[in-house]
Each structure stands twice: as structure tokens, then as C-alpha cells.
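Consider the two complexes below, in which subunit A is the common component and subunit B and subunit C are the respective partners.
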Partner chain A sequence: MSTSSSNSRVPAIAAVAAGLVGLSLVLIFFVAPEDADQGISQKIFYFHVPIALTAYACFGWGALKALLYLWRREERYDLESYVGIHQGTIFGALTLVTGSIWARASWGVWWAWDSNQLVLFLVLFLFYSAYFMLRFSVEEGPRRANFCAVYALFGVALIPVSFLAIRLAEDFIHPTVFTRDGPQMSGTMFFTFCVAWAGMTALAYALYRVELVGKRLDANLRDLREALTT
Partner chain B sequence: MSGGDYLAAAYTVVLVTILLYVVIIAAKLTRLERQTAELAELARRRTDG
Partner chain C sequence: MSGYAADVAALARKDLKLELRARDTLPAMLLFVLSTLVVFHFALPEGSGDEAAYGLLWVAIVFTALLGLARAWVPEREHGVLDGLVLATSDRSAIWLGKAIATFAFLAAAELVALPAFALFFQPLDAAAIAGVALANVGICAVGTLLAAMAAASRTRELILPLLFLPLTIPLVVGGVGSSISAEAGDYLLFLALYDGVFAVLSWATFEYVVVE
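Let's turn to the complex of A and B:
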């Protein structure tokens, strides 16, 4: 598939994302029932958890593209890996901020250092934040792409650790909504969550594609300028 | 602060971040548009000259 034909799908992806996010907002505020324990602040869950899952997916996507770069040595995978990790960092920052607000509303504190899942997610976020320091401290070229790809692959090991931390450490502070017995919520709540998750994933993918188009255009213009001025 | 205030704060953070992202992308597109115009002008001059 050519790049230009795949780019033509970006408005459709963005429209799907806007539709799903809009639908999820309607479901969250007008359909999903209020939680008996936490009250209205529990509705933060519908965005906080999908944002966190999307951050994991973006980091995983970035690592997959890094692996493809190391395997096939095609430059485009380096750019795709970078954009995926960039999206993951944005969604990771949103996870930390929305989680902190929810923690304050539910537990009365902005942060709990004794919660393994919170700390491991922070470690994952800081690890991938440092990726940009590495990327922008090395001169552009195959050497930088190799460093970045290996770094991105190391980081992906933290994802399952962060995800499973709460179950492995029997952390009682951070809630476990999804257990082996299924989701611990009503059918309406679960449906709302699924729509919000789909919306957030579609939004991340739309932003990923838009950023990728911008970066490729930037690179093409640089090449064109070089060709015209020499 | 009530639960509703925290809920509004969380959703506002998400909305503002997405809007900020759109603003950054818009600024970048404006820069790319300007650069494209400059290159088109450069190419035109080369063809004429």
C-alpha cells in the first residue's frame, strides 16, 4: 500500500475517533449508573483506564516498530516507532494526571508510593520519557535509529510487569476491576467502558497517523529543499 | 472539593491536552505550508532562469 493512499484514510479514522469519543461521553454522563461507593467521581474510571491501556498499546506499538526496524532496516520503522512512543508518552502523562485526580477524590491523597502499580507505571513513563533525551542527543542516522530501537525494546518488558503488578503484589490500594471472574461492574458500566476504550484507541491511532503525516511531509520538504538548493 | 469537581478537573485535563495537541499540529502545518510555498517559488525561479 502506498503512503499517499494510506494517508487518505486519516480523515475517516479521525471521524470514527470523534464519533466514538462523543458516544462514550453520552454513555458516561447520561447512561452509566453512578457508583454506589465512590459516587460521581468514579466516572473518571471511564477515561482513566482506557487512556492507561492506550498508553500501554502505544508503547507496545513503538516497540514492535523498533523490532521491525532492527529486522528489516527500513528507515520508516524508526519514525513510526518514535511517533508511537511519543503518543504513548502523551497518554502516559494523561494517565498519571487523571489517576492522581481520581486518587485524591477516592483515597484523599494525590499519590500513593506504596501502590506498586502506580510506581511501576511512573517508572515506565519515565523510562520512555528518557527515550527522547537519547534520541535528541545522538546525530540523525542509522546509529541513532539503532540506539532508539534497542531502547524501545527494553522498555516493552516493563509493560507486562506494570500491568500485572497489582495482581502479583496483592495491592489493596489500587482497585482491581478485571479479575478471573470477569469485569466487576454492571453490564451498562462495562459497555460504556468498552466504547470509551474503543474511542480512546481510535483517537490515539488518529493522532498517531496525523503526526506521522506531518513528520513525513517535513522530511520530504527537507529533501526537496536540499535538491533545489544544490 | 466535591466528587463532581474532581470529575470535571479530570475531563478538563484530557480535553485541554487534546486541544493543545491540535494547536501544535496546526502550528506545524502552517510552517510546512510556508516552507512549501518557498520551495515552489524557488522551483519556479529555477525553471524561469
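Let's turn to the complex of A and C:
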């Protein structure tokens, strides 16, 4: 079966992810120069931004699988879409946590409505939390898969629309805009950032594959049990 | 009238007629929006500024819409009408469009009372603010009708609808409040029109998957 052969690749993917994350940690703490203005607290940039980008990638991945489900009507896409969004929500929550820590370190407050990125993630976090509420309040089957797929597609439409809305809201809520990190990153810093980003993406992919294997095992076990009891 | 438009018109007319006879939803929405405005008067401390009132108007509009949306699919659910509609030869998106038009009519009727009441109790509204309300109604009804159909088919029903709906209304509230208080209201109206376009097309295209079976 194709699933068992692709399952055997999971340890390799996990090893690559662990290697990249380890390498990025070394680069972040020992190689990349300390920021002149923010000092050590700037290091969280190498976690926060890659985590946020990974969360976007997961939401996009979940929506892509949702679209494939609606198009091809294969059950596996439903599970893949769900797992993608689950990982996206985890990374989204981590974005909120790391963003909050960064806001505390650089502006002295745990929450700043001025930060568009943080506000956008709060909106997305609420939206995708409702995704799980929806999923767990509909009977399993094609109907649930359809609802989840449609809602996941609304999510990718909501990301740019909310982004625009939050930018517009700045004008009447907060006239002043903080700029977090200028584009002036040195070569080493940019390289470190790229490795951290790759590491985080690999980590998310490894987690996605692991969760998918577990969820498929669960489903197979349930089918087996039903077959045995009937 | 072409087949599709005739189907939509018939479905919308069915909902309006049902409401005229039973009078379930609209009186509740009217009373709710008025009560909310009175509550807001007491919720706003003295001297909290005129602009805060515009924000509260939008909260009132969103929650009134939610009240109407929670009832939107009840007739279909209770009498198995939806199964019949799905089996009919018409395009399934016509069911969504008919329902969205009926919901829009209810919401607009509630606002015909709410906006003058708001002007009387709090602040006058200019043309841009009213245009903002009209544009936001389109988005609320487009997205809300689809989500309400999902919620009606779920176990938790009315409980889940606000959770699904409120994150999607945040851009509408931004556009609505902006068009009421900003000097550059045009940008916000444009943004609301963009939202309407994106989500109306998305809802129209995906509704057939929501009523499958």
C-alpha cells in the first residue's frame, strides 16, 4: 500500500526537521550578530516570523486540500485538510504567544493592537477555533467533510481581506504605526532567518505527517473494530 | 424571466410570504435592535464621545443580523423543505440566493427602524454611513446565510452560528465604522464592496456542497 511506504519516510522527514531546527538554534544564538537597538530580545524575531509564515502555509495547505476534496471527492483530502488546519492553528497560537513576548520585550506591553500581524492572528485564531467547533458538532461523513472544506476555503479568503481591514482600521483606531524590524538585516541575519524559516516549515511538515499517520491508524482501527463486531 | 431568476424570486417570495403570515423573525429583530440601542445608552458613560456610539451601532447591527440568521433555516429544517428543494431541478445556489435576499429584506426592514432611532437617540448619520450599512448588509447576508445553513445542520445549531459568523464580520465592522466616522469614507465603502464581491462569489459557488444529500 502506498500509505505504508510513505509512512516509512516519516522518520527521515522528522530527522531533517530536527537537524534544521538544531542548526537554526546554533545560528540564532551563536552566529547571528546581536541587534544594535533591541539586543538579545530581537532573537525572538527568528522564531516569531518563521512560525507566523509557517502558520500561513499550513492554512493555505489545508485550503488546498479542501479544494481538492470538493473537486475529486476523495476522503483522504478531508483528513489532510483537517490536519493541515490543526497544525496551522497550533502554529497560529504560537505566533500569538511569541508575538506577545516580543511586544513585552520591545514595547513593555503584553498585547499591542498596533501590531497588525498579532491582530490578524487573533482573528484567524478565532476563525479556525470555530472550524474545530464545526467539525466536532457535525456527524462524521460526507456532510461534515463538505462543511469543513467550505469553511477552510472561507479561511483563505479571510486572510487577505482581514489583513486589508486591519490596515484600514489603523487610521481610526491607532494613527501611529510601529515598525518592528527595519529591512536592514545583515547578510548573516538574513541567512539565519532563512534557515530558521526552513527549519520551522520542516518541523510543521513532520508534525503534519506524524499526525496524519496517527489519524489514519485510528480510522483503520475503527473500521476493523466495526468489521469484527458486525 | 429566465429559469434561474424565476427560481430565486420564487424562493425569496416564499420566505417573505411565510414571514408576513407567521411574523416570527422581523418583530423580534426590531424589538431586539431597539432594546440594544437603549442598553447602549446606559453602557456609554457620559462624555465617552460621539464616535463610540457609531461603534456600538455596528455591534447592534451585527447581533440583530445574527438573530435573524439563526431563524433563517428553521422553516426548511422543521418541515423537511430542504430535501424537497435539493431534489428540485433548479440550481442549488438559487436556494442560497433566495434565502440571502429574504434575509437582506428582514435586515433592511430592521434597519429602517434602527437607523432613525439611532439618529434620534445618539448621532445623525450621513449618506456615507448609510451606504456603509447597505453594503455591509450584502456581505452579512451572503456569508451569514451560508453559515446559518451549516449551523442548522450541526448538532449545536444556534450555539455555533455566532462562533462561525463573528470572525468573518470583523472586516465588515471595520468598513462600516470607517465609513461612519472617517473623513475618507470612500476607501471604506470600496473595501466593503470588495468584501461583498469576494464572499458573495465564494458563498454562491460553495453553497451546493452545504446542502448535498
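Everything below uses one rule, namely that the second predicted complex is superposed on the first by the 202 of 230 C-alpha atoms of A that agree within 3 Å, B and C clash if a C-alpha of one lies under 4 Å from a C-alpha of the other, contacts with A are read in each partner's own complex, and residues count from 1 in each chain.
What we mean here is this: a contact is a pair of C-beta atoms (placed from the backbone, for glycine too) under 8 Å apart; a residue touches a chain by one contact, two chains touch by 3 or more.
Note that the structure is predicted; figures quoted are calculated from it, not measured.
> Mind working out whether A:Ser162 is in touch with subunit B, subunit C, both or neither, as first, second, both or neither?
So A:Ser162 only meets subunit C here.
> A:Ser24 in the overlay: touching subunit B, subunit C, both, or neither? Say first, second, both or neither.
In the superposition, A:Ser24 contacts neither subunit B nor subunit C.
> Regarding the shared-chain residue A:Thr89, is it in contact with subunit B (first), subunit C (second), both, or neither?
Once the two structures are laid over each other on A, A:Thr89 reaches no partner at all.
> Using the touch definition from the top, say if A:Leu221 reaches subunit B (first), subunit C (second), both or neither.
The answer is first: A:Leu221 touches subunit B but not subunit C.
> Taking the superposition as given, does A:Leu207 touch the first partner, subunit B, the second, subunit C, both, or neither?
first
> In the overlay, answer first, second, both or neither for which of subunit B and subunit C A:Leu126 touches.
Touch status of A:Leu126: second partner only.
> With both complexes overlaid on chain A, does A:Thr192 touch subunit B (first), subunit C (second), both or neither?
Neither partner.
> Need the overlap of the two footprints on subunit A, from subunit B and from subunit C, as residue ranges.
none
> In their shared complex, at which residues does subunit A touch subunit C?
70, 123-124, 126-127, 129-130, 133-134, 137-139, 142-143, 146-147, 149-151, 153-154, 157-158, 161-162, 164-166, 168-169, 171-172
> Could you please specify the touching residues of subunit A with respect to subunit B in the complex?
38-41, 43-44, 47-48, 51, 90, 93-94, 97-98, 101-102, 104-105, 203, 207, 210-211, 214, 217-218, 221, 224-225, 228-229
> Show me the residue ranges of subunit B that touch subunit A in the complex, using the header's touch definition.
Listed in rising order, the residues are 1, 3-4, 6-7, 9-11, 13-14, 17-18, 21, 25, 28-29, 32, 35-36, 39, 42-43, 46.
> Mind listing the subunit C positions that touch subunit A in their complex?
Listed in rising order, the residues are 51, 143, 146, 150, 153-156, 160, 163-164, 166-168, 170-171, 174-175, 177-178, 181-182, 184, 187-188, 191, 194-195, 198-199, 202, 206, 209-210, 212-213.
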